[in-house]
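In what comes next, chain A is part of two complexes: it sits with chain B in the first one and with chain C in the second one.
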Partner chain A sequence: MTRRGPVFAPDDNAAAPARARPTARHKGGVSETAPHDSALRHVDGGAKYIDDMSEPAGCLHLALVTSEWAHARITGIDTAKALALDGVATVIAAGDIPGENDMAPVMPGEPLLPPEVAEYVGHPVAAVAAADFETARQAAKLVEVHGEPLQPVLDLDDAIAREHYLLAPIVFQRGDPGPALSEAPRRLQGGTRVGCQDHFYLETQVALAVPQEDDEMVVYSGTQHPTEVQHIVAHLLAVPHAAVQVEVRRMGGAFGGKESQASLVAGLAAVAAAKTGRPVKLRLDRDSDMLVTGKRHAFKLDWDVGFDDDGRILAVDMQLAGQCGWSVDLSPGVLSRALSHADNAYYYPHVRLTGLFCKTNTQSNTAFRGFGGPQGMLAAEAMLDAIARSLGKDPLEVRRLNLYAAPDRLLTPYHQTVEHFRIPEMIDQLVASSDYARRRAEIDRFNAGNDVIKRGLALAPVKFGISFNKPEMNQAGALVNVYTDGSVALNHGGTEMGQGVFVKVAQVVAEVFGIDLTAVRATATTTAKVPNTSPTAASSGSDLNGMAAKQAAETIRERMRAVAAEQLEADARAVTFAGNQAVAGNKTIGFGELAQACHQARVSLSSTGYYRTPKIHFDRETNRGRPFYYYAHGVAVSEVAIDTLTGEWKPLRTDILHDVGSSLNPGVDRGQIEGGFIQGLGWLTMEECVWDAEGRLLTHAPSTYKIPTARDVPRDLRIELLQNAPNEEATAFRSKAVGEPPLMLANSVWLALRDAVHACGPGGRAAALDAPATPEKILRAVEAMRP
Partner chain B sequence: MYQFDYHRPTSLDEAAQILSQDDEASLLAGGQTLLPTMKQRLAAPSQLVDLSGIAELKGVREDSGQIIVGAMTPHDTVANDKTVQAKIPGLAHLAGEIGDPQVRNRGTIGGSLANNDPASDYPGAVLGLGATVRTNKREIPADDFFLGLFETALDEGELIKEVAFPVPKKSAYAKFHNPASRYAIVGAFVASTEQGVRVAITGAGPCVFRVPEMEQALNSNWSADAIKDIKVAADDFNTDLHASADYRAHLVTVMAKRAVQAAG
Partner chain C sequence: MPTVTMTVNGQQVSRDVDPRTLLVDFIRNELHLTGTHVGCDTSQCGACVVHVDGTSQKACTMLAMQADGCEVATIEGLAKNGELHPMQAAFKEHHGLQCGFCTPGMVMSAVDLVQRNPDPDEHEVREWLEGNICRCTGYHNIVKAIQHAAKEMRG
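Moving on, here comes the complex of A and B:
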């Protein structure tokens, strides 16, 4: 690492005097590669998911009755045959919801079960509860739904043409792009498109609702947002929030798909449980999950760009049309993030970005790792590619020319000034370590001598804004209990979906107390322990919950310090916590012994912690402000080869340099980078959602929907974490968020495919290759590129 | 609840007997198509006649210069059979490219041929090699066996016993598979035999078919170049979620060339 960031003192134990005697370090504190807290149990089956829990006595199982129309007025639901089946307990429909029939996360108007209109093929209109799942499924087929078909709008182009929007367009603007475009020496208009992506979490959506005394309900829900499920279940059942407890120990992957979408599953289970007074479980099988729940938004991305003869952008006017599906869902945030990443790492002197909320009669598209950011960023990268090709330049040169730069090229389209921008140095470092220049020349030579196989190479930077776009969501709570043997129970609002938030936050707590990680137990996320939380999303899980837990642990530690000072007959300022003990001079007391002493002294060993992200603000009227506390950065160089006779392709090598600040856990971070990159590669090259002319999703199982596997990963995959690069902002031990940003490193693969296609013709224009770049699309792009 | 009777006869005659008494009875070979179809309630046979207990239907042998593959032989057995690998490497390769290990260990050649899925692989080899399908009633040449989409020359109550493959001078199979299911989007089987060259294409159309123009060109010049300009019409090809008809037509030529190259 060539770059030297500012050096920070460790920000805990600040009172530690230099004369403290050296102590053995505790194990598993921050910056260590501690294994995921459930790593072994994930492998040996000991990790219990909701479907693995013992079912309470009398538990019923739900199966969905779904619309066969893309758009229809429901005129009646005949349940007689289903109810006659042995083992069927009840059928629930809109009329069975005791409270408010709404499951919307943002804007009201999204019924749990539609009272009047079915909006897509797969829309659940009723659900059957029976003694076992097979019976429920058979009974669901016997429910007759009567309806009058209405005209659907099925695809994005149709929705754009009809201005069929869920909400008014949003616009980010800075400067005056109109005149700047007309006056620019060069101007290009173009676009690209990108398809939907299914989350394909290995654990499908699931909830178990268990009625309690009075009007109370416990819901085990595979959700990234227990608080939202709590609120929605409460108003569906017309009970106070306090009567509903939502708990989740872990999910088997979520990726954003269990943020708003989990409410449907939990809500149906809760309504059926309230109606029958019995526990009710709903677990979607894979086909139902894919047919019912929303996906990553497809986008049509169109730009009009003015630039000079070197390729320096002067003005951009871009339209980002998102396919929202039937309901608003989380689309306002998705579109906002798409627009706020349509600059990626590049400065646009004059810019207008317009986001369209296109309504189609398809599944309600929703959060998915990157939350619109990847689609916005793809527009920027395709546009840069087009500029470079029009000038006959290496796209890397044009990318470098347009990077944000001090002093006067730092203002984003949303009026946040880019600070601590690490991309230029990271590009330099990766260009050197990946041997970019030599390989570029070698690949050009290879391509000149080969007609059938063409190779491509591309570098893509990623600048990703960290914080929820909505400032009020950037808060978190935690509860830390120290027991009298020195063991620690940790609870916070973050949900574990395999990403490692539990281990990272536990490392923070272990570090604060100076104890081994094995002494800290992370416990299931529940609204009963930490209330009013935000979803575990926006890459913020460790940032927000880590800081809340740190504050809780510090509160307890400071109380313990006073007791330790008495025990060790030392000044409190001289006491440090390390190596599983409190230390002052040459005296020590074990952490457990100290906890016992605190109890004897009637000092509380329990504390909540609370954190709100500083500095952020955003005006949703003007779309200006500082939505992001900081940026996470990454750079990737990918090399691919295509077969110009079939469009088949192979990833040959990818080099990644990623910025995680001072990593809380390099092993977990590396896993996120690897997994994010591969998921992005799937999104851009093979995962394709296909609907037929009636709006039926045809790709609803792994037999038709291809996700990447080990065989699809570049054999030569080199991942480095940016070293000596603590976050300039005061995050948990100066770490950076890592959940979403690496997904977009896969843009380099898509751009390398475009580079290989470009090599099939005389140049002068970019490849006409959309995403996902399936072999058939690559072949078409090759044929369009040939002279 | 959906119910059916299950039989596991030990002889062909017994199987045919059960079948002849019930129009709603169905044969069960490897179950790779039938069982999922039953789970979806798209098929509801009254009786399942499981052929796995009939010893004479299993295995590979050499007889009078032909390779005989029993109807209940799993793909994996064919793929790894030393005789098949030595005599008809194209056939061993094809069997090893079907689905995944689970499918190859359960699925059988007889089941695949009787089903005649347009995207399945075996019809390519049977037609491409000019094999003969032997049933409990007669021998059916490959050219007469495959009639259309999921349609074969098999009569009601007729069972495939085995398939007799003549040994070609050389042969190979090249497949462009669906990345998710690994079914053939286009599969080309080429063989150079004593009677001349045969080129069979599976996956592209509603049913496996031969390409006479390619066969003629290869008869006079066995090289990939000889067929590089021969295009097949996309007219009745499949356009579906996996590929367009035009793309399939394009791939026919490319896959046939690859097969010729692979055959050497």
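Moving on, here comes the complex of A and C:
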């Protein structure tokens, strides 16, 4: 059965897998489509983002002074004119940082403000604090930065040619691809490229730093990683971690862009606050945000593949050259994930994958939903497309032939054995429900009879590894407090950026206590309540924090169970929690009443919880191990039409089947799938970052950088969750992560565009269409494909 | 500084302002109505949409002075007597939001659409939303929410 459109009809709960429910069922537990935790406040305007908070008395506002050079030695910063302006409090530069001038998330060497060398156009070299933002901005223009231009490297190709790397290349290898390539009956060399993508979170980067007593600082930071901001602010200010508290209630979108990039904004605000002793706010306006902060890595992807006459791959040698920008940032993780997804769902008998950390004098590319995975996967899909075209086969046939398969085609290039692989069955299901075969034939007939409009159809699978690639990051903490009226306050390390981690984790806690979701209140993420957290990233928010919160709630529930047994004069083992009460036989006690009884009996109603993901390990020397606890799966079929005279195109229809295990919240999960898919569609077809010859980013506002609007999405979008598919691994109520994987479902759109371009020529070779497939690129690819 | 007087959410307000003050800054900084958001600063994303004399306007694209003597409605004024406006209720009910940052502008824009066109089809809704960017949802639930609200508003 295919449901039309991602509709959250009231009957969605009925469609959820049946589960045994006591008659007095609490409302809003796991598997229910509960609204987003802030849904009411979002629609009535009451939700406070950091820029909406009341400014403390004496609050200063910061504006950035940025480099006009792509690469230059800074010889002096003259602040006299700026300081003379009425309302200006101070100007901060590298010399004003009392502690260690570094904001690097992984490897040291990324100064908050560069003491010597500016590395890109837009690089903040100083910041002005003034009574209001207008004054600060005016003063920032009066700061004179003197420098001697140095030779920049602006282009990915240039960086590759010069071997201008930030780090030594990494290699994933299994078997020996050299001989296997030479001996293969067929061999193809080719490649594709994919551009940068701006996050374009609707809320720009923001922080408010408020000095406290002594050396203490509270920072409200729009960050996915409060702990990292805490640590960076502490060492910038040369104070202990314990002196810094970082809090974030919500972000207006993040998508990875507020993982490492938030540290710059929070760090500058904190340094200025420490210097002046006054609260300092920094909110980047949209243009500054786009000019200053990093983006999704562009990649040049090249492969050498050997295969047999059926299209079965025998050996792959692939190079994935990532454009890292000026600094290392999170690139080690991004490249590692790119390489570990360059197989996507396909088995490579002999394989070598090489990742290059190319340095360019541009913004520091960073985390973005998928974290390198999408780029790696795109290489695999383009390669499969090329193999199929060279054989004159439907790419779907070649994809199926190369899927991971038991018993001896399951080992990944990083030596993890693929388990619980759902793609083959999911492809079968979606091929049937999307009517692929009939539409394939119909589209081929249409294309044969039409010269101007060509249609394309493609299926793409997604296998996405779940866990941070670094094992040590896969841990989480939570704090649960039950109050004597039975209300519950929940805190954990997860940050809310719209993805619904607050409601999903609250549902887990409500389920453990058997109480209504309305009794559980999610509270702002703060380093003061749950310390030493990992970023909310890698799709891990609900998995990690859900389990930590579950453990905390279970600890309290077991204490409450003992008290309930006394109150109900029953065996503790006979006590259950459901319907807002503890039940034993025909006796009940309300949850609030029980909480009060616990307090009377001097039983603690507060507990921390802690979780670390089991089974995972990875050796970064050999790039072997089991980095992923499990895989999330998805399959999409997309149909498009292109105008071969203009290159314009339209998405006509997309069918998606996605694996979220046993969904914690089908409504939230569908929202992630739909939104992720559209964001991927933007990445691959319309969002294009363009720099000029001097290294200036030209696309720094929505006027020039095009993200999808309501008219740009497939009108016919059919999304199904894979049913009756609990996670085989012991995740929170057998759910699966859903944040990143759906983005890559959009590969099907890009492949469908290549299919339509392919139809313009005699066949035999794949379309020369890179990403983003803008109309200009489509037109060029059509011209190149014509006989 | 000149004085600007307008009615905001039914209440008359009067302030001395720098003539360059944008309406959105007036609303946020002077009146502390922070449900109206600034997303792009350049009149493109639609997060700052309010109603001026009953029609939707991007509050970052007009000066507070230009609203002198006007009736201004923001997201905070949409609910009446503690009851959500049908458009607000529909966005909440149909998951037409994720991070929520675009939501107030979307809701205000959609209310204006339904005032003009009580029964917009999907195409008309999508055309209308061209000036409102959402980065999270993919728009489908927003479109559904607006159509459901339109039905509700028709009675």
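FYI, the second predicted complex is superposed on the first by the 764 of 787 C-alpha atoms of A that agree within 3 Å, B and C clash if a C-alpha of one lies under 4 Å from a C-alpha of the other, contacts with A are read in each partner's own complex, and residues count from 1 in each chain.
By our rule, a residue touches a chain if its C-beta (ideal position, glycine included) is under 8 Å from a C-beta of that chain, and two chains touch if they have at least 3 such contacts.
Not measured: the values here are computed from a predicted model.
Contact with chain B, but none with chain C, is seen for A:E776 once the two complexes are overlaid on the shared chain.
Once chain A of one complex is fitted onto chain A of the other, the partner contacts of A:T699 are limited to chain B, with no touch recorded for chain C.
In the superposition on chain A, A:V690 makes contact with chain B only, not with chain C.
Of the two partner chains, neither chain B nor chain C is touched by A:G95.
Touching more residues of chain A than its counterpart among chain B and chain C is C.
Contacts of A:T646 after superposition: chain B is touched, whereas chain C is not reached.
Legend: residue contacts after superposition of the two complexes on their common chain; A:Y49 is shown touching chain C, with no touch to chain B. Put simply, chain A uses residues 702-703 to touch chain B in one complex and chain C in the other.
Note for the complex: chain A touches chain B at residues 134, 138, 645-646, 648, 686, 690, 692, 698-699, 702-706, 775-776, 779.
Of all the residues in chain B, the ones that touch chain A in their complex are 1, 176, 178-181, 241-244, 247, 250-251, 254. Here chain A touches chain C in the complex through residues 5-8, 33, 35-36, 38-49, 51-52, 54, 199-204, 250-253, 255, 285-287, 497-500, 667-668, 670-671, 674-675, 677-679, 701-703, 707-711, 713, 715, 717, going by the rule given at the top. The touching residues of chain C, counted against chain A in their complex, run 28, 32-42, 44-45, 47, 74-76, 78-79, 84, 88-89, 91-95, 97-104, 107, 122, 125-127, 129-130, 132-144.
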